[in-house]
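Each of the next two complexes has chain A plus one more chain, namely chain B in the first and chain C in the second.
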Partner chain A sequence: MDLQDPPGRQFHNGDPLTAADVAASLNEIAFPPKGVLSPRSDNFMMVKDITAPDPGTVVIHLKFATTAFLPALADPFNWIYEKKILDTDPHWYEQHIMGSGPFKFAGYQIGQSIKGVRNPDYYHKGLPYLDGFVGIFAPKQAVQLDAIRADRAATEFRGYPPSAIDQLKEQLDGQIKVQTSDWNCTLGAWINHKKKPFDDVRVRRALTLAIDRWGSAPGLSKIAVMHTVGSIVFPGSPLAPSKAQLETLAGFWPGINKSRAEARRLLKEAGAEGLSFELLNRNVDQPYKYLGTWLVDQWSKIGLHVTQRVVPTGPWFAALRSGDFTVGTGGSCHGIVNPPIDVQTWLPRSVSSANFGYYDDPKEIDLYDKMLHETDPTKQRADMWNFVKWVLDDQAHFIETMWWYRIVPLRSYVNGWKIGPSHYLNQDLSTIWLSPPHCGKCTAEPAPAL
Partner chain B sequence: MTGDDMYRYLIKRILLIVPTLFGAATLVFFLMRLIPGDICVIRLGSGGTSFTEQALSECHAALGLDRPLWLQFIHFIWGFCRLDLGTSMWSGRPVAYEIATRFPVSLEIAVFATVIAVIIAIPLGTISALKQNSWTDLAVRTFAIAGIATPSFWIGIVSLLAVLNLTQYFFGQPWMPPINYVSVWQHPLRSMSIVILPAVTVGYRYSAVVMRMTRSAMLEVLREDYIRTARAKGLVNRIIVNRHGLKNAMLPVVTVIGIEFAFLIGGLVVTETVFNLNGIGRLLVQAIGNQDYTLTQGIVMLIVTIFVLTNLVVDVLYAWLDPRIRFA
Partner chain C sequence: MTMISQDAAAPLVADEAGGLHRRSLPARFLDFIRHQPLGTVGIVMVGIVLVAGIGADWIAPYDPTANDFAAMMQSPSWAHLLGTDQFGRDILSRIIYGARTALIVGLSTAMIGGAGGLLLGVASAYFGGRLDLLVQRALDVLMAFPLIIMALAVVAAFGTGVRNVIIALTIPLIPRCARVVRSSALAIREVPYVDAARACGFSHSRIILRHMVPNVVAPFLIVVTAAVGQAILAEAALSYLGLGVQEPVPDWGLMLQGGAEEYAVTAPWIAIFPGLAIMLAVFGVNIFGDALRDALDPKLRER
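Our next item is the complex of A and B:
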């Protein structure tokens, strides 16, 4: 990794940003010292060591070649701090902010707002265009939409369902524009294999066969951020299965009647007809509550009696983690699209603590390792398909539903922002510029940055 | 009333605060730990990331959650005795700082709502009592019952939408108050524009409660012998109502105002959410949701203390207004 071009990178405190800082920060993420928590250390499982032989070069040796490495390196959560600070206090970053980006930290009002001011020494000369920004905390969707409508906020970068956007467009005729993208987040349901009769693959297959994904997606996507029918691999990725492949998986068949007839047959064969159970769900509107209500309805079509237990995030997580649930909503959300790493969530419990299916499956681990180590794109795609088919169809370990879809509204005077497949990405705001009169004394589009 | 009587009464009431606070502290400490969930699980895994059991243990150790429960309790009580509420388990900042940044919002709304409620409720409640069973009385009672029956979050949402729609209709551009709070000491007008809608929303329900209390208290007082005596003496109605009626009817009204005011400090969760105000109520809900024991304990103890002190003030006012109470 060559850090010498462009020259003159520096931290906001004026200290130069060198390869030693990058190596120290990445080392702390990949190989956290005792007492330091690094939830993303698994992303660097392929890394052997990270060194900085000179101030302009970082060298990273891998244990094995994998396509998962470069996306892992590009993850927006890989913050870089000064080596001298990390060396003296590895917990410094927990209470402080340090960057080298387009805006300097200017203030934070707890639960209210965060402010940034233009960094005149930003290494991309000419950027950023804005003098500063204020990010407002507003957890409720209705408040956010009202704020955009009244121009108290210029945008919201996470995304809304189409119904909310349509209303905003109607209220702000010509004063609003919209960008859309597939979203690297998916949600489905974990089946706790430790609870009977869900240790029986026939029952698990019946649960997934009951869900009419293709038929429900058009309606559901109007009111919720759930949108694209897909497997556990991001639909836009080259590693994602084709529609023809998807349609061979249990619950993804084109005819829902045939699928549900098979589900009833399996339940009867397993002695689980008319089964009753509770669906654990999270008290979050988008899209958890929509997903939960929809799943309960879908399962009722094969004679299952399902009730929902909707709890706040804390108890929801605690129940998932302690195994105190039968079926519970869950999924994954990532910054960089990196399917070989993203699908780690579904590895057996002995490998992935984010797996709440509570099962062991050595064959699944073998399939995953084969895919991870494969560097030929065609072969890796085939290996990924074998892994996906095993998880979603052969073993029905997880009930995958739909991937999310981002629809981001911007006031029409906001320019230069480009949506990505994650709300964690493209948040540096460096390329954003405002049309007159919102930009002060400006008259036209700014000159391109160097 | 002699000075000694009042002094003894005050001492007795202040001493009663100690067991009340201790009982509340014990309850909040143990009830919080009955709620399922673990702050470390939320902190480490809420982004959907995986983490190891070692990371979980280290987090528990760092927050002191690996210590025996009785030791944690003693630590909490000892800290509270020294007015040290500890550090938020979620943000790592002192609990006192977290509360201090939110308290002005809640206090400002509570004060404004109380002023609005008193201005509306006492005159209307009195008129309603004086014109009992008339059309005026019926209208005031309907207004009051509607205020109690209508959820304040609904009034909040509707009033906000009304402001947006009306400004768009009349001025071409929708307008709403800023959603980024500033202190009344920094920008008085901006601060007022932020809190006025929530204060009216809350003040309406609050005024309905006080209005009904004023009306019933006035009706009772107006039937007392001393009022009849005053009328027989030929006093003008205004003096009878203001000097003899209203003053004596104020005892239960003061109690209601006190309790409602204390409630407003921590009880405006929904209103704060609707208007995006970062007050104590929202902080409490966030703290409970995050399983942040220290912050939850700190906020609950603050609310309990405000309730206890408000009750003390009300009791002292009672004793001052009615000599029978301090000699009981």
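Our next item is the complex of A and C:
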């Protein structure tokens, strides 16, 4: 792979951005040095080496051919850092912001806001249109909606459930517009295999069998961003299982009564009837708190007694990472839709640091490798199905529930933004422009810059 | 040796023959109703909460935690008298069961915190000296924190859940109760029968528990009654902030969080009824406490 990088790009500090910076950044992500954490290093498991033979060329050698590489390279989490800084202090970027994008970092107040100002030297000439932006931190959905309602905020890029959007539309008649998209985020629950009796596959299968996905989705999708019943593969992908296939997986059977009867039988067989445990959950309204309340109700239907431990995002991640939980809610969001890489989340802990099931499973790794190396789409789809079935049905490693759906509201004066299947995409704000009078001295739509 | 003034809350009255005797409990209760109509309303309101909390399993028309997506956000109707929330849960049932949570937290806090404050206050007054000084300064430190701030700190340290909420609200109550009780106990300490008890060689614990504590019961009851209302309110506040009990436990404060905020316009009953429940329960406890104070205060009683 030979990537030609055009000259003339520069970092916000004025230093030129060269192929050496790109290669150093990708190497840091793909092959992190000791002491550096790179959660997405697995995205580049097919990469052999990355070099920059001259200031305008990056060469990447692959270990094997795979359809997963190009989407992995396009992932927005592949920041470009300055080699000079990385060589001096690989941890510098943990506390500092310095990029090459359309806006320069202008300020940050913990729990309040982040500010950016226009980068006049941005490599796409004429962009960005905005002079700057202020991002407001507001974890609660009600507060976010109030900010949009009061025009303190022009938009929120994650998304809301239909019930919230309907309210906004009714209250801001003609002053609001929405964009919608399937969302490359899924939601479920991690089962810590190191905690008894969850090392027993019968108990894990009972937990997933208890959940009425098909029956709950229509209702939940009105009040939460949870929407589409699916496997761990993005439902819109050609690699995703069909509905007929899905309905053969534990917990996805068409009849919930049959599923719950089987769940009770398995619990009895495993000596875990009336099991009590705590569900670790994240103190974020959408969709975690909805998921938690729903799961507890579903499990009560097979006689389980579940309480919730709802904690802020930091302690939630800390508990998942340290294994200090029994069952914990878990989301898996990705930028570019790239199922062969996205499903790595569910590979054993020894391979995937994003796996919080704490299990070893050599067969799962074999199934994954076979799928990843397959370049024929039909065969790859079959291999993906075998992998999915093993993870969700045979071993019930993870309790998959639903995929999210994005409905993003924008004040009607906000233009130039296009929704994508991820809230990680299209976030550089470079093409956004505002209608008069919100744009200051402007009188009309800006001329296309690209 | 016979001690007098063992029950300051039950005044002696003269009978027709001129002898002194204590009035029966029902008679005193009827007196209370006659002289404290507002307090009686408070008793009725507290009684409703008590009945709801204790008999929730029989009274509530629906399972308070059962999701029913076919009945989401339904306005009040005959099927659901107070409507349903965003999960289709019956709000009346959740309020009835929520009374149980409020009672558990309110009464536990008042009893544990009250008992701790009572013993600490009486012991501090009885022993006096350096112990009294140390205890009072420690209480000063604890009382420097507003109730909700102290409760937030405790919950942050111990975590959420009913048990930890009770701990969080009990700790701030102890110094408040101890301070009130101590002021009464200081006067009791100087009365002759306490000196007599000392002279008889009674143990400190016997003097404190049998001869001092019963004589500070009146102010103690008033503080404890007020504490129940405060605890219900503080628990609701903690749960509203996400630091109290967690879903799907039926809890009035929790019911005001999340769905109530998000659907305040389209489904206002989700917020209105739990809010009313908190307001009426706390109001009931407070007016009952006020009436109790009036009834137990000899000066006010004689008016």
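Remarks
Following the convention adopted for this analysis, the second predicted complex is superposed on the first by the 363 of 450 C-alpha atoms of A that agree within 3 Å, B and C clash if a C-alpha of one lies under 4 Å from a C-alpha of the other, contacts with A are read in each partner's own complex, and residues count from 1 in each chain.
Following the convention adopted for this analysis, a residue touches a chain if its C-beta (ideal position, glycine included) is under 8 Å from a C-beta of that chain, and two chains touch if they have at least 3 such contacts.
Just so it is clear, the structure is predicted and the values come from calculations on it, not from any experiment.
After overlaying the two complexes on the shared chain, residue contacts for A:V117 are found with neither chain B nor chain C. Shared-chain residue A:S352: touches chain B; no touch with chain C.
Once the two complexes are overlaid on the shared chain, A:Q308 sits against chain C while remaining clear of chain B. Contacts of A:T293 after superposition on the shared chain: chain C is touched, whereas chain B is not.
In the superposed model, A:Q171 lies in contact with both chain B and chain C.
Of the two partners chain B and chain C, more chain A residues are in touch with B. In the superposition on chain A, contact of A:P218 is made with chain C only, not with chain B.
In the superposition on chain A, contact of A:A142 is made with both chain B and chain C. By the document's definition of touching, neither partner reaches A:M45: not chain B, not chain C. Within chain A, the residues touched by chain B in the first complex and by chain C in the second are 140, 142, 171. On the side of chain C, the complex with chain A involves touching residues 65-67, 69-70, 72-73, 86-88, 159-161, 242, 246-249, 258-259, 261-266.
Those residues of chain A that touch chain C in the complex are listed here as 140-142, 145, 163-164, 166-167, 171, 215-216, 218-220, 222-223, 281, 283, 285, 289, 292-294, 296-298, 300, 307-310. Residues 35, 37, 39-40, 42, 94-95, 109-113, 134, 136-140, 142-143, 146-147, 149-153, 171, 312-315, 317-319, 321-322, 324, 331-334, 344-345, 352-354 of chain A are the ones touching chain B in the complex.
Contact residues of chain B toward chain A in the complex are 35-39, 41-42, 44-53, 55, 58-59, 91-93, 98, 101-102, 157, 160-161, 164, 168, 173-176, 178-181, 273-276, 278, 282-283, 286, 288-291.
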